[in-house]
Structures are given as structure tokens and as C-alpha cells.
Amino acid sequence: MRLLYFASVRQKLGWGEETLALPGDVTTVGALAAFLAARGPSYAAVFTDLRPLRAAVNQTHARFEDPVGDGDEVAFFPPVTGG
Amino acid sequence: MDILIRIQTEPFDAAAVLERFAAGAVVSFIGRVRAEPGLQALRLEHYPGMTEAEIERAVAEAGQRWPLTGAAILHRVGELKPGEPIVLVAAAAEHRHEAFAACEFLIDHLKTKAPFWKEERLVSGSHWVDAKASDDDAAARWG
Amino acid sequence: MDILIRIQTEPFDAAAVLERFAAGAVVSFIGRVRAEPGLQALRLEHYPGMTEAEIERAVAEAGQRWPLTGAAILHRVGELKPGEPIVLVAAAAEHRHEAFAACEFLIDHLKTKAPFWKEERLVSGSHWVDAKASDDDAAARWG
Amino acid sequence: MRLLYFASVRQKLGWGEETLALPGDVTTVGALAAFLAARGPSYAAVFTDLRPLRAAVNQTHARFEDPVGDGDEVAFFPPVTGG
């Protein structure tokens, strides 16, 4: 799985992209966030409180209950502020 | 529908975009970096690939809602100074009401759905701009 | 408020007008001669003096309704071919909602109050264009 | 008084401008229109049915009950169709 991070999420983690072998029991965006939260302090800072976090699966906005699979591109970022 | 979507670092040519559409009514919106005390620059980051896909979805939805003959969204990324244009949205239709509605829909959609993030560079340091509830309210009007 | 009002026979420079306003939000409307079967040209007549006065009144009213930093109305008269721009209306404000509302108010006002008259030159002869009830309805929205 | 005619009104009358010594008993836009209607067939064609007619006094939109004086500039025209 390809993981992408943007804006303040990228900044807090220290990188913008990584590859992950998705554990078989992680099947939703929310479960993926919970899995990432357990990886260390900087991940915990981003993935513990999901309220300020948004996600996209394969470049489409997704909810935390939406499914993810190992071939997906999943992105996490704060609410958008363009325009 | 004639569609123009561009994500670019360089300034855009507003006149060329407006001349592109020969429709009866062309409504455009230009958003600029506001001059605010202490603001040195704005840096815009985006999600390449998803940005274009999300804007294409917005334009397709606008085209279903209103009989548009054209639409353009040009959005800059990278570092921009106060006063510089950030975004140009244009909607062309035979009649003005449709063009006004579609242009406002597109910018409301862009502000709440397109994956762009603004970082303000102030004299005192940099910080990410928070999303505005008023933008969510504006987008929610369209149902 | 920075105000630009021009009644002219020659084409206008839309880019120069849009660049004139450095506000956070600039909304513009361009109306063109629609290409219709048999239409050779449109001839626009106006009432010199009253036209400018009426547009100044509309801009002043828009400035009272919304916190505008700029407004431009450029309107052509004389003979225009299908596809040519007739009118450019622009409104500048710090925030986009005000700029959209003011721009739509100004064009609605212009269409029902400013003393311009259109004559259509068809293959079969010339005739004066009738006023549209939909324009009166649009203007009535503003109270 | 200066009288101005525009668009189809100008075309029906055959001219766009004339000067008039306003009779003392003509004190409103409507009375002026009635006075003009009696001047001949082309005037009657324009000034008998006031519904398709609009007026301005000194370059401001006026109603038929609005006052006019001998120094005024009065214009008659069809509903506007610009923009």
C-alpha cells in the first residue's frame, strides 16, 4: 500500500510518502489510522484524534468507515484550504 | 463543454481564458493573496493527481446542474506574494444566471474539496491556515 | 472604492480591468452578442449622459449594500457582430460572496435601468429587441 | 424644454430631439405625453398608449405622475434592453 501525507500531517510525521504491507486485519481507513497511531509518538500525534484528519483512497475523498486494500493509494491530510 | 483545468506555479493569463469562451455569458472569479499585516508570502501545497481528479468531478457536476458551454479552473501552487492571483474560475453559459451559479458552485466546491493547503509565511514564522466554517457553509448550500 | 465606468464603441481590455483590482476576490461578468440564426449584427443605442448617471447610481447603491473595494462597468455601443463582447461588469471585495452578489446586482440593474437599446439586424430586416420579463424579475430580487 | 426620443420612439417620430415651449397647464410627464399625442398621427402612435413607454426627467427615470417644468430635459423611450 502507498501512503501519502500532506501539509501539517506531512510536517508532523517528517515525510510525505511511505510504502506499507497492509496487515490482513486492517480493512478500513479508520482501522488503518489506528494501526498507524501505534507506530510511535509522531504517528500517535497525528492518528489518535481523527477529528482534524481527512483521508482519500485512490485519490477520492473517503470516510473512516470506507474499505482499504493492499493495492490502494491512501492519503491523510488536514481539511483543505485552497482557492 | 469546453473544459480547461490547470495547476501551475506561474501566473495565469486571465484574458486568454475569458476570450476562450464565446458564450453569451461568462462569469469569472479571481482569488488573490490578501495583504495582511506581517504576511510575507503564502505557500500552496497540493496532492498531484487527486487535485485534477477532484476538479474534474466538480466540473462534471456543474455541467449536470447547469447548461454550461465552458468551464475553466486555473489554480496556482508554490510560493505567492500578497496581491498575487491564486485561482481563476470561469463558467460560460448562454444565459447569465446559469453562469453566475456555476461559477460560485465551482469555487465553493474547490475551497472545500480540492486538495490544496495554504501555509502562511509571517515575519514571526510559518503556520498552516485553518479551514473556514464559512467555506463549509457555502459548499453545503449546493446540497 | 475604485470605480471605472466607460461607454465606448471599441472593444474593451478585460485583462486590464481585472488586473486593476488587487482585492481578495474579483468577480466579473462578460456578456456577448449571441450567435442566432439570421442575426447579422446588433446595434446598440444609448442616452449619453443619463447612461453614465444611471450606472453611477447603481455602483453607489452596490457600494452601500456590500463592502466593495472596486467596481467596473464597461458597455459598448454601436454595431456589434455575433460573438463580440457587449458588456463587462466587475466587482471587487475582500471576500467572494460580496463580490458575486455585487456583480450580479450590477448586471441586473444595468439590464433594467441603464438607457441602452438593442436593434437586431437580421437577413430579413431590422427590429428593436423587446425587454425581457426575466430581467425585471432578476432585478426585483434586490428589492 | 428639451425633448429627447430614443430607439423605437425616435424611429416612429422621425427625429431624436426637439425644443418645446411648455404650455403652462402641462405640469406632469403624463400631461406632457397627452399634449404630444395631439400633435399629429406619428405622435399619436407613440403617446396614446403609455404602457410601452418610459420617461426620464433630467436624466433620471420618472413616472408619468412626476412633475415637469419648462427648464427640464425630458426623454421618452421604450423599456431598456442593454447589458
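Read from first to last, the chains carry the letters A, B, C and D; within each, the first residue is number 1.
Keep this in mind: a contact is a pair of C-beta atoms (placed from the backbone, for glycine too) under 8 Å apart; a residue touches a chain by one contact, two chains touch by 3 or more.
A quick note: this is a predicted structure, and the numbers were derived from the prediction, not measured.
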CA centroid of chain C to CA centroid of chain D, Å:
26
Please report how many Å separate the Cα centroid of chain A from that of chain D, as a whole number.
73
What whole-Å value do you get for the distance between chain A and chain C if each is reduced to the mean of its CA atoms?
49
For chain A, residue numbers touching 2 or more other chains are none
Two-or-more-chain contact residues of chain C, please, as numbers and ranges.
31, 107
Touch-based graph of the chains, sorted into line, ring, star, complete or other
line
The chain pairs that touch are A-B, B-C, C-D
Residue set of chain C touching chain B in the complex reads 13-15, 18-19, 22-32, 34-35, 83, 94, 96-97, 99-100, 103-104, 107, 138
Contact set on chain A toward chain B in their complex
4, 6-8, 11, 56, 59-61, 75, 77-83
Residues of chain B touching chain A in their complex?
31, 44-47, 49-50, 53-54, 75, 86-87, 107, 110-119, 128-132, 135
